[in-house]
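Two complexes follow with subunit A in common, the first pairing it with subunit B and the second with subunit C.
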Partner chain A sequence: MKDEAKILKIHCKALGIPSGSAEIFIKKSITAAEKSLKNRKIITKNDRVRAITKELKKYNKDLAYVYENYNKII
Partner chain B sequence: MSMKTTTKSFNFDYIIIGSGPAGRAEALKFKKSGKNVAIVEMNKIGGAEITTYELPFTLALDFSRIYHDYTTSPVTKNTPHHFNFPTLTNYIKKEISKKSADLKSELENAGIEIIPGFAHFLDQNTIAIGDKKFTAANFVLATGSKLKPNKIPGLDHIKYLTPENVFKIRKLPRFVFVIGNTVVSKKITEFFENLGVGVIRNSKVSEVAEDRKSKIVYFTDDTGKKMVRVDTIVLATGSEPFLDYSLENAEVEYKRSGIVVNKYSRTSAKNIYAVGECANGS
Partner chain C sequence: MLIQGFLQTAPGVFAIFYHHALGKTTAKKADDQALSFILGTEIATAVYFLITYFVITFFVAENHFLNDTFLWVMSGIFIALGIFTFFYYFKLGKKNKGTTKLFLTRHTAENFLYHATHNKNRTDTILLGFLATTAEFVFTLPLFIISSVEILNLSPRFNFIFIIAYIVVATIPLFTIRTLFRTGHNLAEIQKLRVKKKLLFRIVLSISYIALGVLTFISGVI
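Up next is the complex of A and B:
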């Protein structure tokens, strides 16, 4: 999940989200997502993205949208 | 339902996820037509019908009604009467285990493989259970429903009972608050009232809290806002389809009301079907 944190920080810079608060809610989102997936021993990349997106929506909907769709945005 | 037959590369022709009435019926039907079938269940065989709702509630209510009639009859009400509450809950637990074992034998005798565990989709033909993967040409989703989450302030900070564990308590409470206006909440209310427990049932709860003495419930009824102290709170506000098993990986569309299916119970994925309470519109 360290890669996810890096990607999210890059998106935060692009969206102009202050880095201090971004770091806090990114860490909380990733921790909550890991907790929600801890019972699953086989996890796909899509499972991880969905779990993190679900948690991010509580803090910043724009960031959640960008993270969920960044591979699809051309 | 018409479906394509398996190729040799799959573990099974059909995997049924959920062993409730809908799942068992589908599994037995496909097995009878000569297919290679497995059924996945994360709890006891029989689903919520056996472990949570139909069977335990029937047994508990039957006993409570007999006890109520005995204690209120002009003939017997003045005779000494008591019952051991843990004996009742143990009896319910044993009956659930016995019924579940009978259903498991029925499936095994029919040649259906039972795979215990929580399944989630990796793709349209593959599920993961623990660290094992299983593949099937077709899937039938019969995952039923679960308790609807409730956002009453304070609920996260206190212990409360639900229909799943209300008959697993070891001691009869003196005063119970049942939150909900569902059939299940009414059955729970009747059960406790028949056993002589003070019960309030209300769905307009604004907040719950707990202190050293008891649990506190703030609610509104016909006469206005009230506060009451109780031993036990039971949350029975209804259920919603159980859908949290990576349906997106299998490209199965769903809404909050359930998995989207057509009139043949087929989902948006051509080889996946949904039946019972988890399907939209059922």
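Up next is the complex of A and C:
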């Protein structure tokens, strides 16, 4: 969770999202994503990315897009 | 030289690197590092081009090739690259529809991603630019060879200008991405634009390589 929050903070700064609000919705998104994955027996990295992206879309679409497609650019 | 401008590994690595640098440092420092990356790609292009030029000059002086066989082989290479770029340069399929994943193996792409996000100083950045250009050596080497042959036909005073023009044209996409970032565009917008133009890149690259192959073949026959 710490790593994901750190990466998301870097994305937020690069996208020009104010750090105060970014911190709040990153925390909310990760918590909500973890809650939605709570009942699963096996959780892959992709599951986590999908769940966090789904939550991030509610707050900032650009951030959600960058986070989802980060590994698919090269 | 225009074909090399359309190749996508260096712009992809550059976009991630610049985005990450902007997130970690101030805009001024990120811009400074971006210039180091561009310098790295320029150095790589210059080194590979000049080595190829030197080898070609040596072989021409020794009368080893530039005969029909050489032109046939080059023509075959270009046509093969034309077919490869259309079908395999970008990873296709449903899963990769909205992405710009390239022909590189997963480990190579992950390696680039790691270095783009973990570099610390200018030297790292220059080396990253060098590596990004080296990854496409298969596509650029035939272009260097044929350009060197073309340069030999020019007047010696234009050789230097041609080589400089080649290096500049090859790095135009990087300067374009840098300008886009500087004018307020973010990685999401740039990536969406790249995904939108993916088919155009494939067609342009493929047609250019095949056209170059056909032209080389015709010049060999004539």
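Here is the rule we go by: the second predicted complex is superposed on the first by the 73 of 74 C-alpha atoms of A that agree within 3 Å, B and C clash if a C-alpha of one lies under 4 Å from a C-alpha of the other, contacts with A are read in each partner's own complex, and residues count from 1 in each chain.
We adopt the following convention: a residue touches a chain if its C-beta (ideal position, glycine included) is under 8 Å from a C-beta of that chain, and two chains touch if they have at least 3 such contacts.
Computed from a prediction, not measured in an experiment: that's the story for all the values here.
When both complexes are superposed on subunit A, subunit B and subunit C fit side by side without a clash.
When the two complexes are overlaid on their common chain A, residue A:39 makes contact with subunit B while staying clear of subunit C.
Remark: in the superposition on chain A the angle formed at subunit A by the CA centres of subunit B and subunit C amounts to 120 degrees, rounded in steps of 10. The wider contact with subunit A, measured as residues touched, comes from C rather than the other of subunit B and subunit C.
In the superposition on chain A, A:47 makes contact with subunit B only, while subunit C stays out of contact range. Using the contact criterion defined above for the overlaid structures, shared-chain residue A:15 touches subunit C, although it does not reach subunit B.
By the touch criterion defined above, A:65 reaches subunit C but does not reach subunit B. In the composite built from the two structures, the nearest CA pair linking subunit B and subunit C is 7 Å apart.
In the superposition on chain A, the residues of subunit A contacted by subunit B and by subunit C do not overlap at all.
On the subunit A side of its complex with subunit B, the touching residues are 39-42, 44, 46-47, 50. Across the complex, subunit A is touched by residues 9, 12-13, 15-16, 19-20, 22-24, 96, 98-102, 104, 109-110, 112-113, 186-189, 191-192, 194 of subunit C.
Subunit A contributes residues 9-16, 61-63, 65-66, 69-74 to its touches with subunit C in the complex. Chain contact summary for the complex, subunit B toward subunit A: residues 118, 120, 122, 128, 130-131, 133, 246, 248-249.
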